[in-house]
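As written, the chains take the letters A, B, C and D, and residue 1 is the first residue of each chain.
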Amino acid sequence: MSTPTTAVRPISDRLDDPEAARESGRTKIEWARAHMPILAALRNEGDLGFSNTRIGMAMHVEAKTAVLAETLAEAGAEVAITGCNPLSTHDDVSAALDAHERITSYAQRDVDDETYYHAIDAVIDSEPTVTVDDGGDLVFRIHEERPELLDSVLGGCEETTTGVTRLRAMAADDALQYPMFAVNDTPMKRLFDNVHGTGESALANIAMTTNLSFAGKNVVVSGYGDVGRGVAKKADGQNASVIVTEVDSRRALEAHMEGYDVMTMAEAAAIGDVFVTTTGNRDVITAKHFERMKDGVLLANAGHFDIEIDLDALADLAVDTREVRPGVREYELPDGPRLNVLASGRLVNLAGPLSLGHPAEVMDQSFAIQAVCVRELVEGGSDGGNGVEGSDESEGRRTYDAGVHDVPDDLDREVAEIKLATEGIEIDALSDEQTEYLGSWDHGT
Amino acid sequence: MSTPTTAVRPISDRLDDPEAARESGRTKIEWARAHMPILAALRNEGDLGFSNTRIGMAMHVEAKTAVLAETLAEAGAEVAITGCNPLSTHDDVSAALDAHERITSYAQRDVDDETYYHAIDAVIDSEPTVTVDDGGDLVFRIHEERPELLDSVLGGCEETTTGVTRLRAMAADDALQYPMFAVNDTPMKRLFDNVHGTGESALANIAMTTNLSFAGKNVVVSGYGDVGRGVAKKADGQNASVIVTEVDSRRALEAHMEGYDVMTMAEAAAIGDVFVTTTGNRDVITAKHFERMKDGVLLANAGHFDIEIDLDALADLAVDTREVRPGVREYELPDGPRLNVLASGRLVNLAGPLSLGHPAEVMDQSFAIQAVCVRELVEGGSDGGNGVEGSDESEGRRTYDAGVHDVPDDLDREVAEIKLATEGIEIDALSDEQTEYLGSWDHGT
Amino acid sequence: MSTPTTAVRPISDRLDDPEAARESGRTKIEWARAHMPILAALRNEGDLGFSNTRIGMAMHVEAKTAVLAETLAEAGAEVAITGCNPLSTHDDVSAALDAHERITSYAQRDVDDETYYHAIDAVIDSEPTVTVDDGGDLVFRIHEERPELLDSVLGGCEETTTGVTRLRAMAADDALQYPMFAVNDTPMKRLFDNVHGTGESALANIAMTTNLSFAGKNVVVSGYGDVGRGVAKKADGQNASVIVTEVDSRRALEAHMEGYDVMTMAEAAAIGDVFVTTTGNRDVITAKHFERMKDGVLLANAGHFDIEIDLDALADLAVDTREVRPGVREYELPDGPRLNVLASGRLVNLAGPLSLGHPAEVMDQSFAIQAVCVRELVEGGSDGGNGVEGSDESEGRRTYDAGVHDVPDDLDREVAEIKLATEGIEIDALSDEQTEYLGSWDHGT
Amino acid sequence: MSTPTTAVRPISDRLDDPEAARESGRTKIEWARAHMPILAALRNEGDLGFSNTRIGMAMHVEAKTAVLAETLAEAGAEVAITGCNPLSTHDDVSAALDAHERITSYAQRDVDDETYYHAIDAVIDSEPTVTVDDGGDLVFRIHEERPELLDSVLGGCEETTTGVTRLRAMAADDALQYPMFAVNDTPMKRLFDNVHGTGESALANIAMTTNLSFAGKNVVVSGYGDVGRGVAKKADGQNASVIVTEVDSRRALEAHMEGYDVMTMAEAAAIGDVFVTTTGNRDVITAKHFERMKDGVLLANAGHFDIEIDLDALADLAVDTREVRPGVREYELPDGPRLNVLASGRLVNLAGPLSLGHPAEVMDQSFAIQAVCVRELVEGGSDGGNGVEGSDESEGRRTYDAGVHDVPDDLDREVAEIKLATEGIEIDALSDEQTEYLGSWDHGT
């Protein structure tokens, strides 16, 4: 790995007691490794072959991400990694990663903006052939600051909605110079991460932060997309009475047919005990709603940004506000009702005081997609525009144009198959007759 | 309406006591009308204007279909209708329809093939400007037998998977001469009809046909598409222990993450109490599975065709077979176990001895899509190839090429909106700021 | 078996074609036998030894009861049986039973009152040593009409709430002359019959009678006892939105904590789509409720008597009434709403046009309790008052005073154990250390 | 309040910064007050009148208990309180309580045994007229050490199973000298605390301690009593596949009929992912089970004592053990599998690193029972044996013998009614006709 030219040194050089940090981080990583069986299978089966691959990563540097980084390194890659958010880095995990012979970690918690970006630059200095992003900071900075390196990049992967959105904007401007997989959009991520991962962890965080239960509570879920479905389903499974608000008539009807009460937020505001926003939109709960709420309600957000609950309006309305528990801010309204906002309206399962992020099994699936997408890029690579030779379909390898690409369905299914295998689950295969039948609708008529 | 030139007369001319039949049919139709609020809303709101429209229909002529036919007629259309399957016609409903001043019904139960097709010809003789099909017999016969009428047809709608598949094959051969809406494929039909309608009615039919309960039973659901999800969900909701078999790894994983046991049919065969196939494929349960089954199991099919359970193989294996209850045939295997096949392996919620077809609310949604699709064709019409004038987008009307078309999303949503309104459910609307936010991802980054 | 002295002959002597009836009845019985594994186990294991036992039965003579009668006969008893309700007898099943060498059946459908009671007298003429009742007609008639036989009766069993109530009244008057087991009250009957049996079959009957679905419907369940819990749970499991009404605050709170909406009937009346009464009390839904209901609602009763829905008041309110489907009577109210009463307000899972009574597995449990209770009486017998010698506890046999007795808990558990065994389910046993621990709370403090 | 004669001073005298502690404790208490509406209603409605009442309490001194203590004090009582377990006291809450003019708190965390008992003595020195216990330490110590005070005690209340068991043993020895209410055994506590409170909080603690999800996991629940039902129900509601082990055949059958898999622990051991013991018995999971388990399983206990998982045997089997996360100890078995024990096998929802005890709403119900039981004692008092005069039923007041008493059903229901009222839920009342009907079974026959 090339030596970084900037002032940012690897984390091990910056900690007072790197050895203790490594040990602590190692313990965290081991736990995650033990509960991420898909990545384990990819390591064990030797499916990945990454010699001559240099991977640059900008992600939340905590235990689960570390398992991905180690998986890539153990497949032969040189990995340089840094954080994608200064507050999400666990220094001990970063130190443990940095101790790996093929991993250099620049991630450190709570650094200033300049250091944050210099750490990204340090990753770029490793001259990655593949980039792995969570939010897009790495891919943008390469394009902006180090265009001379673009030719040597086979492609990259993006983990989040936000990053994919930014990439699509870049692509629309013809600015994106290499292929990027929209890992965020795969069924394996969308179905499991959103429905089960966010659903369960949002409610567990709310329960543990407040010492309250859900049985018999009116839980108002705003938005009935994948996340909203997950929250509603899990709340129902804890014997809450679920109320759904929506702006889409078909989704509203789906929620109604599921047996939930569906109404406007104005109606729900007056009867809800717990509110969870999942819409991805702004101003879902606003002043006119706050004013109707009962004393003691809980307001939480499970959407990406802290814009769904209008906290500015709430602050304006309130006659007093104070932190009543770690992670819970109470706003007292003029007539007495006290509304409790969890995790400052940020993602309640990630930003709460007890939060550990998504469950390990869920990240196992997302990160396994990352790993096979990196393999796809290394095996097939990009097409045109970047001068990589030998990547052609005549050898059975797929190539990708510069731009944003859906993850090929067979890769998504491959990860599903590995997951089933790790669970010891066998399923049926189509017989030749069945395959033929499906392809030939004459049978049916 | 033109006089039919064939020997087939309207049903009223063919019954011994048409008056009694009409009264009986009227009662059935009134029940359906009372439980199909979306069609009622379309009638009441005057949303449909079908003067100068002649509609030919070939559908299952029973009470729910009758409500659709009457809805079209009450909007001004002349309707000629016949059955799409000789065994599904209710003569009394047919007679009641025929009594309507703008409806002529040729449908009669249990007629021979020649009469069946002559009845379709009678409908064609009415020179329909719109065709509504369930299986495609009407649209095919016009193309084959009466091509001179094709120019005057604005378009048509098809209700089923089978019909859509045949239409796509026609379109692939450039044989389809006017636009057809694939009503079968709309979200409003797929999500509700399959999941809730088939799920609930399949299980209710099994319970009532066998006098058995589901609590504690191992219910094996083959296939985890929309129908399989519905059956699994509803069986789980009756305290069965649900086992899912699949050939698709991702669906298998979805079922697993839902909490169901997932395994091969070979494994499931040995422990299942009730088997419900929903795959749409053949040979899902075969000889090697029958041989492993427990005494007394129930075998039912909720997929389109009676090919999922290999009844020929079962008959070969059996040492004896007899009807042990109406709708239940027992096959006794050499070693003693008795397997019970329901409804001859045909759709258990439609072909059972007690079956009344899909629930009325479910057909209300499907048929409301039919109604607004007919309106769409009448308002906009087809484009080119059929000489209809004045259909152009400059007047805000959409036009459609000859071929198979998805139902426009706004029509699907319109039906969802009407359904919500009939339930008294109000939902939120996006504010301008919210709409702008969704369109402008800069906010998020 | 003694020859009956009354004019009533066994069923076989009264039918035109007893052979055909026997064959039809045999098929029905065989189906039930195949799905009543606990009784099968009792037959197979030779657990019952009933030589020298004469059993008189007055029960609903249909297929499941027949399996009990045959089980008793195959264990050596002479059985004389008749119906406990003239309308519930299946003549073919009665004939098939009568063909058994140790069974005489006097049950016939639709006989007049005199014949009904003469058939009971015929059973009494068999001089039973054990009586098995469903409603108490047999035990009462022996006491009233044939007191000279009481000394030879070891005891009896009663299946229903009604019968038990009458017996307790008799016992309170010191009129009951032999021991009676209150089979109705055992956990094995109460928990499974009420919750699962009635819950599932009530809803399946409603669905099949009306051709409607539950998804998204407001289902109002009156009463949250065992039956109400079953109906609520199963309706919830079919994606209904469940509303519970109660008069007991603690049950109301239980329903609320389960996640259901709890309110008064006056409130529920205005929003319910389907109403199911399960209270065992009268006048649960009355005029003031009917007047608030929506057009098209369904009214069904799952409680014992047809008194929960005030049909007289409804008839008074209505401007018109007619049967709109088999088993559905519509009452049209002055302002237009039409209310639909199912099964004339009688038990919807027993009195509907498609009803087959409780599921076979449920009756298997109840009837197995009957069988082991008969065994208990035969092995131990009654104590004092009836002169039976040799029944004393020194030989490990329990004896019973004249009066109403709970079924001994070990018998109830024995049936549970057999059921588990028939399902192939093994459970743990307490170790000696564990048994000691449970008995010695010193460990805990 | 009398001055304590022992060396233990109130908490305020023992803290370095009592003012800061009070403020912190006050915040915690305020949160609990806001979410314990039943106690709020009892305070607001003036239902309690406790002048001249001195209450001694030995309970877990944390926020929810504090709300009970304040409720009693605000009704006029003098309250002296200390802990019932040295590790469960929150010093800040203790200090905040001690600041109340009618409350003296001696509870302090982590004191030695001598100080612990001296604090109880200090409470006894207040010469309580009513005692409120959690585990029985207070009532025992009065009997043993200060028998001269027994005459002035009206009675007491006991919160837990353990305490009730000890009291029953005392009563059996004729040693219990005043009436004690077994609050633990009331329906309001048993149904809600166990099923919903423990069920939800056990799973939330497991999820948050391990960063894992339940979807698709095999969750093995040992014991199907109230707690086991709650854990199973809530795990099912998070899309786990639930396996139940039992030693009681009827409960096993109930679990089976609910749709859960039922098997022996030996079978379950090999397939479980998460194990939760709820039996109240010892040695539920032992060496023979550990040896069959998969790598990475979680072992948690939700029963009262840390005896259900045989940790000694596990330590003997293990080749290595270490804390892998706060609250998670890993035991590595010879062949490699790593078993993870949560919260040292103690109650996982109380003893985990993130645990906050039972949800506030659940304790609100339990403590409201405590409050009305204290009122019952004060209003009616004990009968005989303790010389309290004027307590006789002729004045409509109930009196209680020395011994263990069930909470009168009307008190339990009163709390249910208040809870419903606080939720704004109205229920129906029986009409006179209905009451008469229930009392007169003639109607039914």
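Basically, a contact is a pair of C-beta atoms (placed from the backbone, for glycine too) under 8 Å apart; a residue touches a chain by one contact, two chains touch by 3 or more.
Being a predicted model, the structure only gives us computed values, none of them experimental.
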Third chains touching both subunit D and subunit C: A, B
Pair in C-D, A-C or B-C that repeats A-D, with over half of contact pairs matching by residue number: B-C
Centroid comparison with subunit C (C-alpha atoms), farthest chain: A
Intercentroid distance (Cα basis), subunit D paired with subunit B, Å: 55
Averaged-CA centre spacing for the pair subunit B and subunit A, given as whole angstrom: 40
Touching two or more other chains - residues of subunit B: 192, 196, 215-216, 236, 239, 256-257, 423
Touch-based graph of the chains, sorted into line, ring, star, complete or other: complete
Complex contact set, residues of subunit C against subunit D: 162, 165-166, 169, 187-188, 191-192, 195-196, 245-250, 252-254, 256-257, 262-265, 267, 280-283, 304-305, 307, 412-413, 416-417, 419-420, 423, 425-431, 433-434, 437-438, 441, 443-445
Touching residues on subunit A, where the partner in the complex is subunit D: 27-28, 30-32, 34-35, 192, 196-197, 200-201, 203-205, 207-208, 210-216, 233-234, 236-239, 295-296, 324-325, 328, 338, 354, 356-357, 359-362, 423
Touch list for subunit B against partner subunit D, complex: 215-216, 236, 239-242, 256-261
